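See the structures that follow.
In what follows, chain A forms one complex with chain B and a second complex with chain C.
== the complex of A and B ==
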């Protein structure tokens, strides 16, 4: 069920009313009921996947929690007798890891089978054809709504328990709400149990400020989605559908506009999720922090899809880098290579692995793997080259606070991010490479005119709305980048101004969005992941 | 005893630095994030302890003394 539908509005209104009417202790039941209905309306048969993820991670959590308590008791006992606890810890860690591994293998196994089996068979078929082999039978399984999001979310719970971060949930229904919470299950943000669970326990009931703020944020997200993203989609779709008819500059422009579409679609959807959740009094994690104002690709990834980046850092990067095996490997590299390379290379290699996995998270096809490698190679390279770059800047007497350097870094990052988008949006890797080749081999500058940009499917009026909408989002971003809180500023403004701003956004959504001619609302892009 | 070993590891990791028990390792930029990763590996091996992600905080690695307290806590379970 889409956020942009009357059915969803009805579900939201009913669950809000129920949540406000119920006593505090049982308000969470209204959210669980709404989550189950929301999910079932996307396909009741797919509930079985969600239920299996919930049940398996809940049970694994109970087992790990029991082992945690037994370990603590055994360690306290040994300490009282003046004995070392290292062996006790090691023995329990082994058992805990086995329980965690069983749950993680099951859930990531299901995710892999549904998401990666088809591309894997495609790759096998490709190789088989080269050697004159037979065709491999292919089948596509329906991908359950939000599977990547809820698998990562429930995996974080299991790993946190393994690390003894908090005690396990004792109530499977409350835990099921954490896994299936409807505002975030479609496209995130990827939540954490220790952050969400206390909020579900203490739902505040009716709160006029929370309701108003939530509606404001949700409408802002809707504005980004249907006024900007859905317009930008027209240009992006045209350029990607028939790139060979365009010169390189137009292709680059089309991919840049796709970047606008993706940002406004994904961050707009997240704003809606966060706004809807805020109406119930539940604050979801921030998922975007003005990514297009990043000064490096690594900085961009700290601002884009933040909850995925944090998940990868906490559960993949740290798990590898702080393991004893990696410690030994790292020491060997340091000793053998020496210098800065020996120091940086071990961590850079793990960074590379993380970006490979981020690419794979988006899908199993070669274009996503290429996208991960693109980001991994650049970020790894820049880690290795940080010291030589600094030396060159010092020699050229370029201050680190130079505005020109800042502008250069912004543009360079924007270009690198845009080039990466060729991989994710093109239908396959060979088309992406073809587009890249066309971009640089045949820029077509001499044939450029205003009509070149107006032949991409959007007329002058819609192009103007797209530019103006993007400018509004950019100005809001720049304002916040200077350490101002835009939402707090609007809340502090006079009521007349607050109403005027809200009314302007609603009117824009209605007349520049829903009621523009030929408008067909599209699905959120990240829903597909 | 722990302290001598910790100081030896840090001196090996960042040659040419004068480190004492109360040296501010992170604030005075004696070690950076790359050194921290290596330091965790060296300490785990040297003291046979598992230094988990949750223990890698600025407070626990602020000074060699703070590291010694961390090792002690981990050994005690």
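== the complex of A and C ==
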């Protein structure tokens, strides 16, 4: 169910009221009930998937937790007797890993089957056709709502327990709330058990500040989503639907606008999720930190979909880098290659794997894999080139704090990110490559005019709203980038100004957002009759 | 501001915006669902959503009506005035565009439940066998909740919070509103039918010209439909029939006229089967396939027959005088269905000669010695006349063309119309004796202000003398002359006028539409009161000064009872039976006094 619907609004109001009325100890039940209803409204039968993920990771957690405690006791015992602890640890680790692996394989297996089996079969079919082989039966199962998010979230719980970060949950319903928490289940942010569960235990009930902050954030997200992103989508859809008629500059512009759409849609959704959660007094992790003000692609990925990046770092990157086998491998590389390459290459390899997985996370198609490669290659390359660059800068006497250099880095990153978007948005890899080559082979600068931008499906008025909305978001971003707290600043403003801002945003959301579509001019109503 | 105050302000703002939208939608009421009590612009509302707006309109105005037309958009073409005249009832046209069978059924039941109707005319279209209750836009196509029984609360909320652009459009369109219908107000709110005033005054005759104006008929869209909803359609009709019988309501079921290529979207056998089953339920008038179906001039567009075809249908149903082709309209009953349907859709393209006539019209002015574009000598005139008669032509009145078109009266084989513009005394003194000699008829267009005058209005400037009442009466009693209007005073002579002369009916720069229309009406009324009152009433015949035609003038003339109008555009006319518009803006050849007999003949024969 979309956040932008009357039904959701009703659910939100009811669960807020319930949460405010219930005594502190049981407030979390209001959230669990809302989460289950929210999920069931998307399709009650899909609850089975959610329940199986919850149950399997909860049970695995209990098993690992018991092993953790037994290990600790045994280790303490051994230590007291002055015996070696390592062997005891190894023995327990093996068992713990088995339990974790079972749960993770099951859940990632379901995720892979639902998300990647069909594209995989498609690829098999494609290959088999080349050799004149048989048709492979294809099937598509309904993808459970938020499967990527709850799978990652519950997996992090299992791995954390494996790493003995915290004791396991003893209440499956409370744990179920962690897995299914409705503000975040559809699009994140990907939460962590140790951050969320204490908050669920201590829900503040009615808190005017939290409610105000939550509403502010949610409305801001709504503004980004329905005023900006939904408009930008028109242009992006047009350009990606068929780029043949457009010159390269227009295509690049369209992909850039797609970037605006994606950012405003995704971060708007996250803002709504965080704002809604804040109304209950639960603070969700930040997922975007002004990614378009990043100075390098690596920096961009630290600012974009932060919780996914952190998840990958925590559970993939570290898992690989700190594994014994990888340690041996990188040592070997260092001794064989020596120098900088030897130092950088092992990290680069892992970076590569991470981006490959991020690409895969988006979907099973080859274009996502190309997207992962694109980012992996550039980041690896820039890691390799970091020292030579610094040397060049030093020789040219360009200060690291130079504004020009900053601007150059912003633009370069923006360009690299935009080029990467060709892969994620195009229907398939060959289309993305075709668009890329058209962009540079036929820029069509001479044919550019105002009307070539207006031929992308948005009229002058909507184009103006899009530009103005994007400007507002950019200004807010720049303000916050300078370490200011925009919301705090607004709350300090004079009441009249606060009300004016509030009213402006509400009017914008209602008239430029909700009522953007669905109007049929009379000549079209009557047209066919 | 404290958080609590902020929250209060926020919810206050939200409430304010919601009230703003609701208030706008309620007071402007672009769909008319709240009764449009403030703007009362129902034709706009009907255009936005004919279903809901007409229901709401009827709620307020039901006492004006006692009978209803129900059906899809083609139902609009049954002229309400004639229907009221035939039946003595007061009909309201409840049609809605794109009405499917469910819309019709629900509307009929609603009317039967609430308005105790005397008559219902149910117009079934072939498309009713295809659509039963198809998905539609919740604002522009939805039935009123009172009609389809859905939740009234959600219905009103939907329109209360409808996209405000509709309300804004209504406000801005109001400024653009004109006397003539535009895309945003295509309805006539009193009758509930389309306002076809513009389409009904376009001059139609020549087929080639019509096809180039409406190319859809030359390249008719291809499609095919199954009668997949025939069962539900018949079931709905059965319920309506039974209900009407029970309530003592006179129900007339019509199967509406179709353009032949449209009819062919549907399989002939399946259609026959459907009609046979319909006949088992109720007797009905079938107009679907006849000689009319083959002539695109009888259709506004690919799927809508003209008001004049509706006039033919009513004339058939109620035995009126209006022209009806022999094969148009048959009352099908369970008894005669088999025999009738055995010949269904076997008609072949009819011979257009049976219902059309080619008529040249000549324009003379002053008959006196000399030769110019406005002066013809008596000798030349007589010579022209005798040459025409020798060539087989028979001079007829313009009113005879009208009788041919409206009532199907015969015309001589080679009709020609002789007209005189301006009403000079010479028409009486010189032309009449010649006409009498040959027994030839002519139509004279009188300028009201110069009737019986030899000076220009009150200026005292001498002008060519014009005949007056005595001469006019003498001419009328000759039986060879009929009169038409050449305006009262809209054919002014600039040299004798002090201000801006009105030489013709062209709109002046900067003249508002309403000023123009009231100016026209005043002139027509003056002609009525000074000329028609003494010449036996409005003949309905009009000549545009300098042939200058405007759409506004054509509409006003039609409303004032002028149904035969002539221009100065040269050309032979094609007049079509059952198509009154073929009498509008008729072409005329202006005769120059220097023309020979041969010139005249080659002019009208196009050599």
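Keep this in mind: the second predicted complex is superposed on the first by the 516 of 529 C-alpha atoms of A that agree within 3 Å, B and C clash if a C-alpha of one lies under 4 Å from a C-alpha of the other, contacts with A are read in each partner's own complex, and residues count from 1 in each chain.
By definition in this document, contacts are C-beta pairs under 8 Å (C-beta built on N, C-alpha and C of every residue); 3 or more make two chains touch, one makes a residue touch a chain.
As the structure is a prediction and not an experimental result, all values here were calculated from the model.
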- Query: If you stack the two complexes on chain A, which partner ends up touching A:303: first (chain B), second (chain C), both, or neither?
  - Reply: neither
- Task: Could you tell me if A:79 is touching chain B, chain C, both of them or neither one (first, second, both, neither)?
- Result: first
- Classify the contacts of A:347 with the two partner chains as first (chain B alone), second (chain C alone), both, or neither. first
- Task: Figure out whether A:330 sits in contact with chain B (first) or chain C (second), or with both, or with neither.
- Result: first
- Does chain B (first) or chain C (second) touch A:314, or do both, or does neither? first
- Query: If you stack the two complexes on chain A, which partner ends up touching A:442: first (chain B), second (chain C), both, or neither?
  - Reply: neither
- Task: Figure out whether A:510 sits in contact with chain B (first) or chain C (second), or with both, or with neither.
- Result: second
- Note on the structure: Overlap of chain B and chain C contacts on chain A, residues none
- Note on the structure: Seen from chain B, its contact residues with chain A in the complex are 33-35, 37-38, 40-42, 44-45, 48-54, 56, 75-77
- Message: Taking the touch rule as given, give the residues of chain C at its contact with chain A in the complex, in rising order.
- Response: 1-7, 9-10, 13-14, 16-17, 21, 44, 47-48, 73, 97-98, 137, 139-140, 163-166, 169, 173, 183-184, 186
- Residues on chain A engaged by chain B in the complex (per definition of touch): 71-72, 75-76, 78-79, 84-86, 88-90, 93, 163-165, 314, 318-319, 321-322, 324, 326-328, 330-331, 334, 343-344, 346-347
- Task: Under the touch definition given earlier, write down the residues of chain A that touch chain C in their complex.
- Result: 208-209, 211-212, 215, 491, 495, 498-499, 502-503, 506-507, 510-511, 515, 518-523, 525-526, 528-529
